[in-house]
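When the chains are written out, they are named A, B, C and D in that same order, and each has its own residue count from 1.
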Amino acid sequence: MAIGGANISKNMTWQLKKLKKIQAKNSILVEGLPGMGNVGKIAVDFMIENLNAEKVLEITSHHFPHCVFVNEDNLVELPKIEIYQKNLKDKTLFLLAGDIQPLDEISCYEFCEMLLGFLIEHKGKEIITLGGIGQQKIPDNPKVFCTGNTKSIIKQYAAKELHTNIHGVVGPIIGVTGLLVGLAEQKNIPAIALLAETYSHPAHLGIKEAREILKLLSKKLKLDLDLNQLNFEIEEIEKSKKKIDEIKKIGAFGKIKRREPTDYIG
Amino acid sequence: MAIGGANISKNMTWQLKKLKKIQAKNSILVEGLPGMGNVGKIAVDFMIENLNAEKVLEITSHHFPHCVFVNEDNLVELPKIEIYQKNLKDKTLFLLAGDIQPLDEISCYEFCEMLLGFLIEHKGKEIITLGGIGQQKIPDNPKVFCTGNTKSIIKQYAAKELHTNIHGVVGPIIGVTGLLVGLAEQKNIPAIALLAETYSHPAHLGIKEAREILKLLSKKLKLDLDLNQLNFEIEEIEKSKKKIDEIKKIGAFGKIKRREPTDYIG
Amino acid sequence: MAIGGANISKNMTWQLKKLKKIQAKNSILVEGLPGMGNVGKIAVDFMIENLNAEKVLEITSHHFPHCVFVNEDNLVELPKIEIYQKNLKDKTLFLLAGDIQPLDEISCYEFCEMLLGFLIEHKGKEIITLGGIGQQKIPDNPKVFCTGNTKSIIKQYAAKELHTNIHGVVGPIIGVTGLLVGLAEQKNIPAIALLAETYSHPAHLGIKEAREILKLLSKKLKLDLDLNQLNFEIEEIEKSKKKIDEIKKIGAFGKIKRREPTDYIG
Amino acid sequence: MAIGGANISKNMTWQLKKLKKIQAKNSILVEGLPGMGNVGKIAVDFMIENLNAEKVLEITSHHFPHCVFVNEDNLVELPKIEIYQKNLKDKTLFLLAGDIQPLDEISCYEFCEMLLGFLIEHKGKEIITLGGIGQQKIPDNPKVFCTGNTKSIIKQYAAKELHTNIHGVVGPIIGVTGLLVGLAEQKNIPAIALLAETYSHPAHLGIKEAREILKLLSKKLKLDLDLNQLNFEIEEIEKSKKKIDEIKKIGAFGKIKRREPTDYIG
C-alpha cells in the first residue's frame, strides 16, 4: 500500500486551484503581501475591493504555516495566497494578495518562480511589487521610492512624487517584494518595486502610506480608484491585521515541538 | 555500491505497515494526537480501549523524532502513529492515535495528505478531529466548541452542548487537528473539529475536558462508551503523558548538535 | 550548461567509498559514535586498535558539518564515519566509528537505513550499539544496562553484570545508538543496545564506563581484548575528544550566517 | 495547470548563467568569499580588479538569501556568486567572488560539488582557497598558514613566509574555504588553503592580512600584482563590507517569520 509515495511528490508542495478560465492581454501583476507596515497588503486589498476584481486562482502550499483559521462563518480556512483579475481597456491586471508569505528562503524563491511561470503563461508584460521602508517613527508625509530591474521601467513610472534615488536609502529588500523583481529579470519581465516610508512598529497599519502608493498607481495605470473609500476600509484591514499577528505568533514558535501552552489551539 | 541512493528515496520517508487486510464501509476517521491539554489524545486513547478497537496500521517516519523509547518489556519502540479500526453496525470507525505529531510544517502537510489518501482508499465519508483550546486556568465546566469545513457537517453534529460560535474565540488551529480539516475540503471530505476548553499548562491532563467530547461522540456516533471507566484510565494516561513530556524535551534541543548533557541517553 | 542538476542528485548526499572488496559471514555490526560520555566511541575506537581491524568503508555526507579538520600531517580531512572489519573464526565483526553523528532527524534515519542496507548486503546477523546513560555525578561502579528489539537477543547476551530492567531508568534513546536498534526490527535484524551509566558532563571521558562494556563484549564475542591497554589509549582519546568539542562548537552556531567571530576559521 | 511542478525541479535550485564561451588550459581556481576578517574576499576582489579579469559565470541559487540589493544605478541585484577569468601565459585563472556563502550545510556541500564540476569541465588542475584565522586582537605581522589535500601541493607552494605547521593552530575550517579543499580530494584535484591570521571582530577588514596572501600568490603564480594599489581599494571594500553586514543581519533573523520591524524593507 504505497500511499505515501503517491501523494507527497515534490510537485504537490504547491497547489494551484484555478477558479475559472483565465483570458488576459498585456498583463500586469501587482503584488501586495504582508510586510513592513503592511503597506503592500493594504494597497492591494484595497485595489481588489475598489476595482471589484474577480478571484481566479488560489494557492495553498506545504510551505505555508501548518494551521487553519476560523472565518466569520465559523468554518476553517487554509492559509492561502490568491490572485484576482481585473480587465482594463487595454490590459489585464492581476492582483496578488494573501495573509502570509512563504516560510523560508527556498520556498520564497520557488513561489516567485511559480508566479513568473503563471505570468508568462498569461501574457505578462510587467510586474509591480509594493512594500514599505521601515523607519523609527511615523512619517508625516511618507515619500514613495522605487527601484526596478531595468532603467526603462523606472523611466516609464517617473513622476514628481516618486523618488528614484533609493541606493543607500534601503538595505536588502527581503521576501517576495524584492525577490520577484530580481528573478523577473532572468525571464526578461520588467519589474518595479514601489516602497513607501512607513513606521516599523509591528502594530502599525500603513494606510496613509498605502494611499500614497495607490495615488501613483491610480494615475499611472488609469485605475480611477476612489481613495476616499480607504478610510472605510480600516475596519476590514484591522481584521486581517489581527490574522497576520496570529500568524506571526505561530512563526515565533514555529515547529510544533516548540509550542507554548498559552499560544495555540489544537 | 549504490547503497545510499536505493534506500533513501523520498517515498521511504513515510512507512505504512498494514497489520491486516482492511475492510471498511462509510468510514469515519477520529483523530486524537498529543496537543493542548492532550484532550484529543486522551479521548481517542480511551475510545480505543473502551471499544476494544483493533490496530490495523502503524506509521513510522523520517519526520518523527530520531529516537526510540523503552517499553514495559524492556524492548525499544520507534516513535509511531497508529490507526485502530472498530466496525459499527452501519459504518467503520478509524481511530488515529500516537505519542507524537510530525516534526515540522511540511511534514505535517504530508502526513495529513497521506491520511486523506488512506481514508479515500477505505471509503472515508467523514473526519472528526479532537483538541483543546488553551486557557489561563482550569475550566470548571469546560465548553466544547466546533468548527468544520462545511456548514452541513456542523449542522449534522448540532447539539445543545456544542458551541458553534467559535470565530474570535480561537486563533489559528495548529497541527493535524486543524490542518486535516482544512485539507479534507480539497478532497471533498466533510470534516469537523471538536475543541474543548482546557488549561494551557503543559503538565495538565485534560481528562474532564476529554469526557465532555466523549459524551458528545458517544451520543452522535451511537458508541455507548462506558465513561465511568475514564477514571480508571488515569494511570495509563499519566504513563503516556510522561512519554510525551520526554518527547517534548527532545524537541526542545531538537538536533543532536544541541544536546544537553543531562537530558539524553545514547 | 547543466552542471548543477547533474552533480547534486539526491543520491549523492551520502557517499560510500569502499576501500576493498568485503567478504563476510555471520556479520555483527558494533556501533560507537560520539554521544553521552563518549562511552560508545571510546569502546569502539579501542576495539579497532586492539583487534587491529581493517578500514573497509568511508562515509562522507552532505548531512555532516560543512567543514574540514587539519590532521597531524597538516592535511585536511572531511568529517567522516568509517567501518572497520575484523574476521573472527566464525563471524565477521564490523566496527562503526567516527567523530560525528548525522546533523538532524531525517539524516539520522537515512544514515541508519543505509547502514542496514550495508549490513544486509554483507550477511549481517546482528547489531550491537554502545552508549551512555547520563547521570548527575561520576558513577563509582558504572552499571551496564541493555535493551533490544527482541527478547531473544537480550537473552543471548544475558550476564550477571548486564542489567535488563531498563524501563523507567532511561528516557528516549536518541541518535544512531537508539534508532539503529529500532529500525533494525523492521528488517528483522536482532539488535541490542549496551548502555553504561556515565557522568553527563560534556568534558567527561567515560573510559572506565567503556571498559565495563568492553569486558562484556570481549567475553560474549570471544574477542580476547587486552583491556590493560585501555589506559594507554587515554591520550589518543583526548585528541579525538578535542575534535568532538570543536564539532560541537560548530553545531552550536550551526549555519554559516550565525558564525561568531572568535570561533572559526575560513 | 501544473505550473508548480514544472518550474521548481531540484535542478533549478542552482542557476548558472554563462556570460561567454569559456576556453581554458591548466586552470587554477582561486576562491575568496566572505568570512573571517573578509581576508579571502578582499584578496580575490583585488585580484579581479588588478588583473582586469573578465566575468564569465554568474551563480544564483534558491539557497542564497531571499532578498535583493539596490545597486548604484538604483536597480535591484540578486545575491550572486561570480567567476572571473584571466588567461595567463601557461594557464587560466578562475577567480571566485561574491557577497555571500551558501546558507546551510547541505547547500555548502552542493555548491562545492558544483564548483568542482565546473572546474573539471574546464581543465582544472588546482584549487587555492583563501581565508582568515580569527584572533583576539589585530595581528601586527599577520602570518600566513597553509593546509591542503596532498603533501605535494603544500611542497609546491613552499615559501619561507608560508607556515605549514598548522595542526593544532586552527580548529575546523568552516564553509567553502575548507570544504572545497576536502571535496577536491575526492575528485583528485590538488587543493591548498592559504589562511592569514586576522582579527576576529566582525567590523574588521583584513586588508593587511590579504596583502600578505596576495604577495605570496603574486610570486607563486607570477601575477605581478600592483600591491600599492591595495590602499586605494579600501573605499570599494568598505562598500562591499556594508553589504556583507546587511546580509549578516538578514541571516540573524533568517526566516521571514522572525523579521524584526526595524531591520528590513519589503
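Note that in this section a contact is a pair of C-beta atoms (placed from the backbone, for glycine too) under 8 Å apart; a residue touches a chain by one contact, two chains touch by 3 or more.
Keep in mind that this is a model prediction, so the values were computed, not measured.
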Magnitude of the superposing rotation for chain B and chain C (Cα, nearest 5°): 90
Same or different residue numbers at the chain A/chain B copy interface, by half rule: different
Distance from chain D to chain A - Cα centre to Cα centre, in angstrom: 35
Centroid spacing, where centroids are CA-atom means, of chain B and chain D in whole angstrom: 49
Of all residues in chain D, the ones touching two or more other chains: 10, 13, 15, 103, 247, 250, 254
Residues of chain B that touch chain A when the two form their complex: 10-11, 13-16, 18, 35-36, 101-106, 108-110, 113-114, 116-118, 121, 131-134, 136, 147-151, 154, 164-167, 169-179, 181-183, 185-186, 193, 195, 200-202, 247-248, 250-252, 254
Touching residues on chain A, where the partner in the complex is chain B: 1-10, 12-13, 15, 17, 60, 62-78, 103, 246-247, 249-250, 254-259, 261-266
